[in-house]
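Presented below are the structures under discussion, each in the form of structure tokens.
The same chain A turns up in both complexes below, where it pairs with chain B and then with chain C.
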Partner chain A sequence: MTVRNKLSENALQRLRIWLLLTPAMTVIVMLFVGGLIAGLARSLNYFPLIGLTEPNLDAYRAVLGDETFLRSLAVTSYISFTATAISSVLAVAAALLLRPLVLRQRLFYFMFSLNLTVPHAVGAIGISYLLSQGGLASRLARSAGLTDRPADFPALVADPWAIGIIVEYVWKETPFIGIVVLAILASVGEDYESAARSLGAGRWQTFRYVTMPLVLPGLVPASVIVFAFTFGAFEVPFLLGRTAPTTLPVLAYRSYTDVDLAARPEAMAISMVIAGTSALIISAYLALTRHYSRG
Partner chain B sequence: MGLLLIALALPILPLAVWSVSFRWFYPDVVPSVWSLEAWVAVLSPANNLAAATADTVAVASLVTVLATLIGVPAGRALGLNEFPGKRVVELLILAPIVVPGVAVALGIHGLFIRYGIANSRLGVAVVHLVPTVPYLTLLVSGVFANFDTDYELQARSLGASALATQRFVTLPAVGPGVAVGALFTFLISSSQYVLTLLIGGGEVVTLPLLLFSFARSGENAIAGALSLVYIAPGVVALWLSSRHLSGNSAALGGLQKL
Partner chain C sequence: MTTVTLAGLVKRFGADAPVIDQLDITIESGSLTALLGPSGCGKTTTLKLIAGLLTPTAGEIRFDNQSVIALAPEDREAVMVFQNHLLFPYLSVADNVGFGLKMRRVPKTELRSRVADMLELVQLPDIGRRTPASLSGGQQQRVALARALVIEPRVLLLDEPLSNLDAHLRDEMRELIHSIHSALGITTVVVTHDQEEAVILADRVGLLLDGSIRQVDSPKAFFERPASAAVARFFGGSNFLPGTWTDGLFHTDIGSFTVPSKTATSGPAVLTIRPEDVGIEIPTAGGDVDTPLVNTVAGVVRSSLYGGRYARFEVAVGSRSFDAITEPRRFDALASGRPVTVRFPPEKVWLLPE
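For the complex of A and B:
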């Protein structure tokens, strides 16, 4: 084959690749990128259709100076951080506990992953029937003689500490992270840990210096995904959260659907803050992993 | 161990009990009057549930067909080739998975009003492509990464046509993975709440929207029964996929989106 032929063959192959990619790229650019740009333009008060041709930062100024927004940002960060931290710790514990069983029996694996298939909406409704002051836990507390009235039971749904929301996230995300950790544990086997133990390492030392470094490359991305997801999730705080302060996604939705159309640029500004934060988390994570993989 | 599995099932328990209760007032630990009324209502065809089911299935089917036609070629290109610009393409595909739906949906709503597809099933189906196409592309690229194209070359050199090669060589190899991806695409579409609410504008009422309205108006029995109906397909999908895609993290990532 001549050099010239080889070159055109390469060009043809390249063309084929881009042809295969075009439909997907079109969807992502038109809808996702287009939606982001439209939101950004609106958040900057740029909307030529109704004669707004001078972009400005008024909406961002209004939002950042608004106590409702700042409290919402704090609540959202608190919920995501707490839920991610608790889920990660529980997931590692559960994975270590389940490891000997899961490797032998697929059924355990299936049962552990079962509630990955339960939508968050269903989980949230279940949690509200379980933990609200008129719920099952409260009724059990009364029949055990611990409380007299619903109001005696601590508020766990629509409460100031967002316990209902955090419980729902922990309940749903622990198996998600746990399965990632289990997959790593299963693939590396127990040889390294046995070696450490036989060389005289204690249980804690083995966990700290052998097991943890092995699972971290899977644990960290899974936790980052959970943080980014909980930061932008709408359904669970919508069902289980307080009206005020609420999380950023619910706040953005409410301002957008407000009868006062002037609130729309502010809704867009809030949604840009959500998008920016998740992009920031992910790029920080990517930069970190690149740093470490370079060593 | 047992405790862990009980904790995982705990939020489902009250849903199940509510679904078969007629009267269940505080402080009763079990319902005082049991009834199958909620199940009859959920499973009988003649009410707004049937309309919601029809909307859900219509939207999710369209999404599954479109996402498969769009995502499978892209997954093939990504899974089999190294090429300049691949990192940018991968970043573009990851971005919609990472950035929350609410953040883009508000902007998309403005665009759809201009194109005249807001408040319609078509608009809802199109917006569902945002979470599903990237997911399916990633999953399929994983499937193709394990596929050896030499089999296709061998079939061609033995005289098979391009179509016959796809039908008898490529499809049997990647079919199960693609099928699982399509199944999860259907599930992801049928469990979207906020995208459907915003773009559908109340005109397109799918099952998750109906479930929320029952739950928020305190119709616990119906909400309980509907929740259980809603869980069932996902469990079946998990069971099927655990055979074909054991340990495929992309498939699990899809479940995470539910």
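For the complex of A and C:
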């Protein structure tokens, strides 16, 4: 076969793949990219249907100069960072503890991953029943004589430290990250760690210099996904968070459903900030992995 | 230099039968000892027990008569080089070699110069910056060896060091292990399933069968003076003839044989002779097989096999059959059905306990 024939065959093959992907891609592009573009246009006050044809940055100016937005950004970052950090640490610890069991019994894998199937909204309601001042933990504390009234129980839902939200995220995301870490640990086995011990590394050194570098390629992307998700998720802070300051997605929702139609561009601007932050985090991650894979 | 003693060593995983059962061996200081045995006989487990990566169910491990059972692997100074090298994929070659020194917090300048010396020793001086994935199997093996040697261990444990290598690399690696061993004199234990590898590498061999040591000897002794039929069989022995030793002769159902007196213990025993030591002669004209030579019996070639560098025959003698290996050029003369004289040279036969 000549080089030319081979090239045209490759081009044909590529065309075939693109044609096969077209129906799915159309839906994704329409919904995702289309939505993003529409959102961006409206955040720039561009909405020809109601006569807004001059794009401007008024909504961004209003949002970025608004103290509510800035506090909201701080709360959202705090929740995402804390939940991701705690989930990552617990996931690595759980994966290390479960590794010997998982290698023998698939059942542990199943149990570990069980709550991945529970929706966040259901989890949030569960946490509310469990941790709110009228919840199960509060009642147990009262019957154990630790508190006199429900109000004596510490506020763990709609509280200033967003403990309820963080607990829900940690409960839900620890197994998600853990499954990824566990899969790596199970496939790599314990031989690298044995080699390190034999070369003189103590338990902590083995964890620091062998186990962590081996699991990082899985741990980092899983954590980035969790961070990006918790940064943009609406239902859990809506159900378990305080009214003010609230997280960015809840703030965006409130602005969008505000009776004042003028708040809509601001809602879109907030959404764009959320999307932009997620994109920024993902690009930082991609840059890091590219650097990492080059060694 | 360190003498390693394993005494009454037992290793059991859960409720299964023990992998190692009452293993006793003393590995002399500065020796290169091979632990030889078939797959699954507990060789690698034994290395891991010495390295401290596994805890024995019972028994004792001593370095220079001091028990090391309570010592963690990182404190034993017995470094294991694994069969699949296990170079850390996220570190450069130099960082891999320097790993043990870094764990010991050796200053950076000293670390760099010791790593360079070690890479020089394994004849790979210029690859420090490369990643393990860019190395060939043979180079990875050398780097793994350098990584173990750089920390100057008391005991070096090599798990199947030649088995993952091509034929020509095996020779190079064998020479390298030999030269490093004679240069550094570290007590070295090599585990292998390949008797040839054990024989060419080691100055002592311990044969491990079913979790316990059957014989510890020089490589030559396994061929010439095996301790049991199982040992002889592992080293390629296939001729076993039961009988009784009395009055200076070994009496069997196919005749009586002279055996060297030092091998003989009176009473029932089993005579063995290696296939390459069995003599096959074509009887002189007239079919007279009663030659004056001692230890000869009449037989018939039952089957033959041409093996390129040798020819192998199965010869029937009465109700028994024996394997014989000769030079390949004799293949055509010794066709199936040919009557032959079989000779067991007295100096080559060996009596085994029944």
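One rule holds in what follows: the second predicted complex is superposed on the first by the 284 of 295 C-alpha atoms of A that agree within 3 Å, B and C clash if a C-alpha of one lies under 4 Å from a C-alpha of the other, contacts with A are read in each partner's own complex, and residues count from 1 in each chain.
Just so we're on the same page, a residue touches a chain if its C-beta (ideal position, glycine included) is under 8 Å from a C-beta of that chain, and two chains touch if they have at least 3 such contacts.
These numbers come from a predicted model, not from an experiment.
After alignment on the shared chain A, the placement of chain B and chain C results in a side-by-side fit free of clashes.
When the shared chain is aligned, no partner comes close enough to touch A:165: not chain B, not chain C.
Seen from the CA centre of chain A, chain B and chain C lie at an angle of 90° in the overlaid model, rounded to the nearest 10. With both structures placed on the common chain, the touch criterion links A:205 to chain C but leaves chain B unconnected.
Of the two partner chains, neither chain B nor chain C is touched by A:75. Residue contacts after overlaying the shared chain place A:181 against neither chain B nor chain C.
Considering which of chain B and chain C touches more of chain A, the answer is B.
By the touch criterion defined above, A:157 reaches neither chain B nor chain C.
When the shared chain is aligned, chain B comes close enough to touch A:139, but chain C does not.
When the two complexes are overlaid on their common chain A, residue A:213 makes contact with chain C while staying clear of chain B.
Using the contact criterion defined above for the overlaid structures, shared-chain residue A:194 touches chain C, although it does not reach chain B.
Here's the short version: in the overlay, chain B gets within 20 Å of chain C at its closest Cα pair. The residues of chain A lying in touch with chain B in their complex are 13-14, 16-21, 23-25, 27-29, 31-40, 42, 49, 94, 97-98, 101, 106, 109-123, 125-130, 134-136, 138-140, 142-143, 150, 168, 171, 175-176, 179-180, 183, 186, 225, 228-229, 231-235, 238-239, 249, 252-253, 256, 267-268, 271-272, 274-275, 278-279, 282.
Only residues 1, 4-5, 7-15, 17-18, 26-29, 69-71, 73-74, 76-78, 81, 83, 89, 92-96, 98-111, 114, 126-127, 129-130, 133-134, 137, 187, 191, 193-194, 198, 208, 211-212, 215-216, 220, 223-224, 227, 230-231, 234-235, 237-239, 242, 247, 249, 252-253, 255-256, 258 of chain B touch chain A when the two sit together in their complex.
Of all residues in chain A, those touching chain C in their complex are 191-192, 194-202, 205, 209-210, 213-214, 295. Listed in rising order, the residues of chain C touching chain A in the complex are 48, 51-53, 72-74, 77-80, 82, 84, 86, 88, 90-92, 99-100, 102-104, 131, 147-148, 151, 157.
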